[in-house]
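Below, each structure is written out as structure tokens.
Next come two complexes built around chain A: one with chain B, the other with chain C.
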Partner chain A sequence: MRTTPYRRLVAWLLRQTLRLDVAINRLYPTDFNPLYYTGGLANFFLIVLVVSGILLLFYYVADLEGAHRSVAFITEQVPYGDLLRGVHRYAGDAFILAALLHLLRNWFTERYLYARDNPWISGMFLLLLGWFIGVNGYQLVWDDRAQAVTVLLVRMLQAVPLVGETLVRLLLGDVGVTRATLPRLLFLHVGTASFLYILLWWHYVRVRHPKVWPPATWVLTLLGVLVLLSALIPPAAGQPALPGQGTTAVPLDLFFLLPFWLAGFVPPGLVLAGLLLLFLLGFVIPYVGEEPRTDPVRHAGVAQVVDGNCTGCELCYYDCPYNAIVMVPSPYPGVTKAAANRKLLAVVIDSRCVECGICIGACPFEALELPKFLEADVRRRMAEAVAVTA
Partner chain B sequence: MDQETLTAEARPRTGAQGPVVVGFVCVWSVGLDGLVDERGRLRAFPSVQVISVPCSGFVRPNWLEEALRLGAAGAFVTGCPYGDCLNREGNYLMRDRVEQLERRLQRRRVEPARVAMLAHGLHEQAGFLEAVGAFLRRLEALGPAAPTARPGGAGAAPTARARPGGAAPAARPAPASEPAEEEGT
Partner chain C sequence: MSRPLYLMGMVALAGASVGLAGLIVLAEWRGAERVGIAALGLILVCYGLIVLLMRKAGLIGPRRAEGR
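Up next is the complex of A and B:
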């Protein structure tokens, strides 16, 4: 079996990822390994963002003059307002961090292959929009940093051929920063965040019992960390943005504003092109370097229903982790005595099957088979092994 | 490390008489390179016959029961660490199924301790061998399985194998032709 450098790299990364797990599992029981819940952690931070965001929305004024003042009001006058802003800020960082961990882990452990590319592709969109929403959030404060970010963002969009000006107009609501800008940015921040939930539906749709929530101990601990962090290092709000002010040196956030830092060294158009390329490369990942499907154990073929034995009991349907089995009204009775009176028939949707064989373990009626790894062979090997003893 | 001592402990009874323990090991879980010989037995415990499976959830619990009935002293399943199943839920499902099987065995007066569910990741060979060693010691403490206690042990095969359809399981033809005949739509 020939291997490409990419395959060797992923295999190496897989081994390192699992080695890291061994180390973490020494500290925590495996049920609490945070790396097993990266998706749930991201979802938890998203919920924190939504709740704190709604509370901030009560005081925020989307107005060129009023925005910075309202943020200052939240920080200084609203009870626990500075804490709330801090939680919103740090939960945003944590969300991106958790999402990146989620991406890397599922990449390195190859949990995107075959029927599992759906969550991968929706995940790429979630990451892109998550980043965009975060950048928007920095703009809403409308301080000097927001202005710098807006200027760079506009330059990036202007570099797009043909539709550049249109994109700028879509972002700012006008050809430049006007009264329409901040309401537009607020809508992009909140509206896109709502759209994340549609993408999350796509992200979860083929997954039975998705792990959307980390264990309670982690939820409480991380909530505490967020509050503590925002109490100790309150998020700074810079000077109010002034029209005509040039881009000044501003503190940059690692997870959201890295491309803007880069834009100081290379043309903004190039940064945007690089981001786009990264995004597109992400889509390619599930489809490059597929292992040749020669190993009959790892790639045992799509599960197949042995029609005559299926009793329509739905056990496989409940156990399949990918909703790859559906129950349909049985068009005719089964052959075996148990299946003679069936009302339903299990059907495997090939495009969703990952060839794991969990349905075989679920079925007490021998009504499912993996075509390249037959039950009869397993039982024959078992019988031979035991017979040597006797 | 303590592989040698474990071997020494397990060998006296079980090692001398060939494989008496069947282990279904998920191909994605503990790395078996160097642990098994060419016939699929564990080098450290020659009495253990390993059968690689696509996922621990692939194992139907009555195969474990069947192994016991055929004369194995014990049977176990190894999956990935809980929470890290490649197929998301295989090892949790298998853990549940083994628990159910234990209760079923108890009702049939077979020691439930003869089946076990283990969970070890790719790099946890030492832990895996340790767990298998502990399982073998547990089996030794149980003593030889009483043949009469096993369902089907005294020619009771048809009733014990209350398989729907009453198909004679041992005489079941190799289903090589089945994938072609069944229909997926």
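Up next is the complex of A and C:
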């Protein structure tokens, strides 16, 4: 294996991640370890956001005069309206936090290499859009902070060569804030959130057993924490926005508004360029981390079906985490006694196989093999390992 | 920790939850909405911890025999 500084860094991060896993497994049963459910946690927060968002929509008024007033009405007049706002606000922060943890964990454990780049790339889009929806949510309050964010966002977009002005018109409905602005922002907030579910389908489509929901203990505890935070630190709304006046200073917010806070110190165009560069780097991570396929343990070749032994039992089909095995009607009977009357035959889709060997373990009929790492090799390596430790 | 301790923890948390439910009623009566919301949040946290203790005691989960 190459030992580039990048590979050494990832190997070190992997060791720390596993140490953290072990430490948390001492506190919680392994099936309750929250680090195994970071994606499920993000999904849970997304559901909380959708449900609380739908309830908020009943009261929200998307126009320049009514937006801030309707937010104040929700907070002060609607029964438990401040709870609803608080839960929506903090669930947004928690979604980004869980998604970032999910990203880092999959990065450190290298679950993005080869055929597994699909969830990684779709995940980058999910994170990008999730962040954009959050920024959009801040704008909908239409207070002085929303105004500052909108001004800075316009400046960022204006810095984009050739299409900058068009992007601003698409966002605001004109070159400046008009009556069309808030309905557009609301449409972007709700419409993009709906689009997240299409991206989630893409995210899950190649994963057979995605952990889409965290254990009940975490659902209840984290929902409780969101409610508690809403009571203790209710989300504030500033003064109503006054287009043409006010400041462009944005308070520091780690989850959504960090780039806008930075735009107070460096040109907004540069901040946008940095943001885009960060995401582009994210997109190429699966490809810079690939190793040459020389190590037979890590690169054992795409799994192959031993045709005569396959009984069509579907165990490998259910166990493959990457949907790389499909069952097709068997065109002819198998060779062994167990396979003689089979109805189905397993077929490996090469492009999806990550050469993990799970199907080999799943098959009790020795009907699958990794061509560069045969069972005899496994036995030999185990014997060598036992001899070394004995 | 032993199973009786987990069971005692569950009973204590269930008792605390009943007390917090009372606090919600009281807060509604007094018009202290935020206190009621905080109590609701704490009840959910208590329920989450009860589920965790149930799992640790082996009453739920894939390996119930561990608790016996």
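Some points to look at:
We take it that the second predicted complex is superposed on the first by the 366 of 390 C-alpha atoms of A that agree within 3 Å, B and C clash if a C-alpha of one lies under 4 Å from a C-alpha of the other, contacts with A are read in each partner's own complex, and residues count from 1 in each chain.
Rule of thumb we're sticking to: contacts are C-beta pairs under 8 Å (C-beta built on N, C-alpha and C of every residue); 3 or more make two chains touch, one makes a residue touch a chain.
As the structure is a prediction and not an experimental result, all values here were calculated from the model.
In the superposed model, more residues of chain A are touched by B than by the other of chain B and chain C.
When the shared chain is aligned, chain C comes close enough to touch A:Trp218, but chain B does not. In the superposition on chain A, contact is made by A:Leu226 with chain C only, not with chain B.
Of the two partner chains placed by the overlay, only chain C lies in contact with A:Tyr80; chain B stays clear of it.
By the touch criterion defined above, A:Asp31 lies against chain B and chain C together after alignment on the C-alpha atoms of chain A. When the two structures are aligned on the shared chain, A:Trp107 is found in touch with neither chain B nor chain C.
Look at A:Pro234: by the touch rule set out above, it reaches chain C but stays clear of chain B. Within chain A, the residues touching chain B in one complex and chain C in the other are 31.
Taken together, the chain C residues at the contact with chain A in this complex read 33-35, 37-38, 40-49, 51-52, 55-56, 61-63.
The residues of chain A lying in touch with chain B in their complex are 14-15, 18-19, 21-22, 25, 30-31, 33, 36-37, 109, 111, 207-209, 211, 295, 297-298, 300-301, 304-309, 311, 319, 321-322, 335-339, 347-348, 350, 354-358, 360-366, 369-371, 373-383, 385-390. On chain B, the positions that touch chain A within their shared complex are 17-20, 22, 27-28, 40, 49, 51-55, 57-63, 66-67, 70-72, 81-84, 86-90, 93-94, 97, 119, 121-124, 163-167, 172-176, 178-179, 181-185. The part of chain A that touches chain C in the complex is made up of residues 28-29, 31-32, 79-80, 82-83, 215-232, 234.
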